[in-house]
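We call the chains A, B, C and D, going by the order they appear; numbering starts again at 1 in every chain.
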Amino acid sequence: MNDRVAEPAVTRPTRTVIRVQTDDFDVGAEMTALRAGSAAIGAVASFVGVCRDRNDGADVAGMTLEHYPGMTERALAKIADEARGRWDVIDIAMVHRVGPLRPTDQIVLVIVTSAHRGEAFAACEFLMDYLKTRAPFWKQEATPDGLRWVDARTSDDAAAERWR
Amino acid sequence: MNDRVAEPAVTRPTRTVIRVQTDDFDVGAEMTALRAGSAAIGAVASFVGVCRDRNDGADVAGMTLEHYPGMTERALAKIADEARGRWDVIDIAMVHRVGPLRPTDQIVLVIVTSAHRGEAFAACEFLMDYLKTRAPFWKQEATPDGLRWVDARTSDDAAAERWR
Amino acid sequence: MLQLLYFARLRERFERDAERVALPAGVADVAGLTAWLRERGDPWVTELAPGRPVRVAVNQDMADAATPVADGDEVAFFPPVTGG
Amino acid sequence: MLQLLYFARLRERFERDAERVALPAGVADVAGLTAWLRERGDPWVTELAPGRPVRVAVNQDMADAATPVADGDEVAFFPPVTGG
């Protein structure tokens, strides 16, 4: 130990990136851009949600994601603000696709940067749990029995409740 | 609900990627390669550890990572096996750099793929906590006062203890 | 006027994604507006029946039955969200 | 013979990263081998003193004081790990 002062603040403004888009995203490029310019970052936790070929026991040939333009970005920004109030994070990125998607396509990306890993992991999982229950997106799947709207999961509500 | 059978097993063998290397890694490329060929994956959780410019109250100009060749790979493989015994994960990648590193350089990458996000997040955090306390790597930092070996953190021991 | 929006299953059942209506007499909150919509009969009375999993946002913030509704507001009706 | 390895701070203090030694008479476990190394005096007796944060691996698996040591083993001494 020594008597140097505590860690300095981040030397650039923190970043909050929120985007809703039909195009795919490049995880590596998003991560590189998000953490650029801050040597205070020691931890980068991320999550990518991917379209599966099965759900609730049925084959899924693809899905279409609908959203509420305007409210979506607003809801995501509120969720990011709430994460910042709970953990000492530096940057947050939340990118969500809409429109038609097929199995193995990327759906959503959340990245959190922080000085330390515990806060990055917790904030990243929190952001996903809240996004799943509070951001206005709806999935419609194409199955052999036709199109069906995906039902909200009680497990997602339970996951979000953990953070109360 | 319907009477279809439960979800099928992954249609390709699971992957466990373990590498110790001096070269940098490309997070996006590692992620793409790891999950390629499985439409059963719905969640990809990842963590990147980054070299900071400050640690324990001192400026850090850079660090050198030493390891125990042979044991390192063996220890990482055991940690990956333990994660598989605890959670229903599909693929695991653990890539750790050794040699000289500078602030903002990537140090370690852990990626976990799974059908669902809860297991991917938990396994990814577990892998990092166990890597931090059980894989034979040692950091030596260059500070204004000279070279110093980084002391193990009691907070890392506490993080690993959570999983017992 | 109110701007009403419908998403996902409700958009399909109501066969519209939006409509403009005059603020109905006596309607002051989400509960009142929902009751007024139910008076249209099916599919409104079914989809908006008490206990159905319907969410409401007023001016793009999540709302509940007691949230006030006033002239000029944007009120959206939709099922529980399923993104991510 | 035993293959002894030293890493990080211990490698520096002992001024070697490896050495081959004959299995000392009477040494059957990690505790015995550590006691035998302490007989070399400083820096061994200091760095390997009871209570110091030293970890030991036998044949590349983490070991404790009671882990057996036999002819042909690889035994490594190092500080608590700090990777990641």
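In this text, a contact is a pair of C-beta atoms (placed from the backbone, for glycine too) under 8 Å apart; a residue touches a chain by one contact, two chains touch by 3 or more.
A quick note: this is a predicted structure, and the numbers were derived from the prediction, not measured.
Averaged C-alpha coordinates put the centre of chain A at 47 Å from the centre of chain D. Remark: chain B and chain D have CA centroids separated by 28 Å (rounded to whole angstrom). Counting partner chains per residue, chain A shows two or more touched chains at residues 49, 128. Chain contacts: chain C has no residue touching two or more partner chains.
Arrangement of the chains shown, judged by which pairs touch: a linear chain-to-chain path with two open ends.
Two chains count as a pair here when they touch; such pairs are A-B, A-C, B-D. Only residues 49, 65-68, 70-71, 74-75, 96, 107-108, 128, 131-140, 149-153 of chain B touch chain D when the two sit together in their complex.
Listing the residues of chain C that touch chain A in their complex gives 5, 7-9, 11, 53, 57, 60-62, 76, 78-84.
The part of chain B that touches chain A in the complex is made up of residues 1-2, 4-8, 26-29, 31, 35, 38-54, 56-58, 103-104, 115, 117-118, 120-121, 124-125, 128, 145, 155, 159.
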